[in-house]
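Dropping the structure in here first, questions after.
The letters A, B and C name the chains in turn, as written, and every chain counts its residues from 1.
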Amino acid sequence: MADRSDTAAGSGVRSEPWARRLRAGAIVAGVALLAAPPVLPGYALTLLTQILIYAIFAMSLDLLLGYTGLASLGHAAYFGLGAYAVGILSTGHQASFWTCLGAALLLATAVAAVFGLVAIRALGVYFLMITLALGMVVWGLAFRWVSLTMGDNGIAGIARPSLVPGLSLSDPLRFYYLALAAFVLSFAILLRLVRSPFGLSLRGIRETERRMRALGYDVWLHKYLAFVLSGAFAGLAGALWAYYDGFVSPVEVHLVTSVETLLMVAVGGPGTLVGPVVGAAVLVLSKNLLSLYTKRWLLVLGLVYIGVIVLAPKGIVGALRGERR
Amino acid sequence: MSGAPALSVSGLSRSFGGLTAVRNVALDVQPGERRALIGPNGAGKTTLFNIIAGEIPPSEGRVTLFGRDVTRLAPHRRTALGLARTFQVNTLFPSLTVLENLLLAVHGVERTRLHLHRPLAAYGDLCDRARSVLDRVGLSGGEERTVRTLSHGEQRQLEVGMALASSPRLLLLDEPMAGLSRAEAQRFTSLLQELDPAMSLLMIEHDMDVVFGVAERITVLHHGQVVADGTRDEVRRSPLVAEIYLGTG
Amino acid sequence: MEFWLTQTVNGISFGAMLFLLASGLSLIFGVMRIVNLSHGSYFLLGGYVGLTTAARTGSFALALLAGAAAVAVLGLAMERLFLRSLRGQSLAQVLMTMGFALVFQDLSLLVWGGDPHAIPVPPFLGRSLRAGPAFVPAYRLFIVGVAIAVGLALWLFLERTRLGARIRATVDDGEMAEGVGVNVPLVSAGVFALGAFLAALGGVVGGPFIGVYPGLDFEVLPYAFVVVIVGGLGSLPGVVVGSLAVGLLDNFGKALFPELSYFTLFAPMALILALRPTGLFGRR
């Protein structure tokens, strides 16, 4: 299963029947995502918007986890940086949508570029530890730098943006279409990327770093680029999230958020682009629906983590192909 | 520059903890030369390969490739200079297809390895090059197979194909015949005999038929030191070699 | 002068509590290479069990014992039933331990409610000692004493007993240890229980000092990780140095640069990582 989708997204050298089916499925999903929302109830639209934003976040992580074989425990840092850039600029400085978006992307990318220098040297479980630690640096700033971030209280009152003066996205349906556009664009860019020679090189690194070096690849550079790109897309997702939720708090940067995103990717199937989208949908839906019906949804969520590993270890094993201790 | 040997190592030593794996080794491989590196297990042959390929730094000594000092150069940069190697144990990409494996090898020495905006299929000439390697190592028709479904022999063929795909000027083969059947080994020997004559070859191999069938010159390594170095006939006749290697081997 | 003295004592006693918390995490990591995200939960659960025991019996000593022992059993069960089969799969282990952390978080909320509690300080430790211009609560010195005692016991255990030698061998090279006849699964289970025991002990000891409240688990977890990352994973001397450094940095950071206090803690850590990816005392 994982192998098939691997080669599908990876080589793009041929077109098999199942590849056509995949394309057909994507078209159907695309049409549904475009046409259905105007007739959907408000709550469903909300969930759909959340799913799209988290899907971008999860895909960005999968570029590292599924394609490159790097499990980051601090990916929420870049999501949070994007969200805080929007929160701070749009409330404190009334900056426009495009200014905020540009700042969010720039900040997330720049921090990923600096953190990558520290993190990429580490291997295996040390990479987990180092990304966890770097994530904590950002969380610590969000939590304590109260004059800038409002600390634990978070930044509230982030208004929905206007794309251009006069075209406000305060209507949930319009905002949904913004999220959809961002998602489709991200998916298209990432798809092109994973099918490129560079994308294949990432999968090669995931499988056997040693051979990649012998073949002439600067493994460090390829990992580093994947790390920075991944941070940039996470920043985009974070910026959208800030506008969507109207609120940013240290929770967005927390370790729990990082791990939750890992779970999304693991559930959906690492090393594919559709997998993280499915995983994001599953987790967003179950979290929201669970919290509607039970106060003990955290307990259930915990059991979901345990259940996924116990019942579907193959999904996890896939992500760990080529990983050595 | 043209007169420079493809590979030249001098005064090369490497120790791990208290053990010296390679001791004061000097070795030259001229352009177009076929040389075998033989010696009993534990003689330091693979360590020497790893030093030449840049995976481990030497404790002492110098490595030059095509006249350039590469002692401190990273492995991938040595590959860019025209070096390619195979591994004693198959070191492939198990969950990728055969073609994808070879595409990685072909793109590795091209600037295209960093292209991230065009699909692989858009690089027609590089795909053709990968497919032509497939034919040369006898894997044609199997390009869409996932590598982990290949037999050991087929993986061994791919292992060599990966190194050939970059059209190297110097090829290091680490026991290419390990685990192959007699017939496979014979086929493989003729493949090696038909390689581009301008290419230099340094090969670790235990199968003496292959060694004598392919190599013109032979270097014998024992306890990390070069104990004999000469044409195949000289080495074949050397009583020292017979004693430490052929006799015990 | 008074400021410096007070902050130093606070920093050292906080570091002592961190030592209890992080020594277990480091041991677990050293032996099993598990990034254990439920380690903060052990600390919190230890505190809660200690709280209940102290309330029921009035004995602080019993609270220490009950908290640590109960959580040790819990850790053992987790290792044997859930983590053993995931050997070598670091991502699966991370997700599994996160699942348990969430479960423990919610269950403790269910049992002990959302209000913050504090374990009462035993009466004989309720006094303050005069040290020059400052007063030092006796309880803070008690924490340091417990940490020193536990540290010495751990050191003696690891360096002077056959079981300790086996644990050290497993930390160095699990496969090699297995090859020379060490029962690695048994060692792993024991170390996991010991790690949970130490964390829970830290939770009870910290109970009168920082309190026991929901969210404490994920509050202390980063500290534990910083300590082992700075000191090096699987190294006891590393944990000692790491806890002291983190305890002092955290206290002075909070007092001197409140807005950047976590940054003053995490930034040096990132710097150490950049220079020595395996920590100050770590080995590959």
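Here is the rule we go by: contacts are C-beta pairs under 8 Å (C-beta built on N, C-alpha and C of every residue); 3 or more make two chains touch, one makes a residue touch a chain.
Note that the coordinates shown come from a computational prediction; the quantities given were computed from them, not determined experimentally.
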Shared interface partners, meaning chains that touch chain A and chain B
none
Report back the single chain whose CA centre is most distant from the CA centre of chain A.
B
Using mean Cα positions, find the chain sitting nearest the overall protein centre.
A
Quick one: chain A and chain B, Cα centre-to-centre, how many Å?
41
Averaging only over C-alpha atoms, locate the centres of chain B and chain C and give their separation in whole Å.
50
Starting from the mean Cα coordinates of chain A and chain C, work out the distance between those two points in Å.
32
Note: in the complex, chain B contacts chain A through residues 53, 55, 74-76, 79-80, 84-85, 87, 91-97, 99-100, 103-105, 107-109, 112-121, 123, 127, 144, 146, 162, 166
Can you name the residues of chain C that touch chain A in the complex?
33, 35, 37, 82, 86, 88-92, 94-96, 98-107, 109-110, 218, 221-222, 225-226, 229, 233, 258-263, 265-267, 269-270, 273-274, 277-278
Listed in rising order, the residues of chain A that touch chain C in the complex are 65, 71, 73, 117-118, 121-122, 124-126, 128-130, 132-134, 136-137, 139-141, 143-148, 254-256, 259, 262-263, 266, 296, 298-299, 301-310, 313, 316-317, 319-320, 323, 325
In their shared complex, at which residues does chain A touch chain B?
2-3, 6-7, 10-14, 192-193, 195-201, 203-204, 207-208, 210-219, 221-222, 225, 321-322
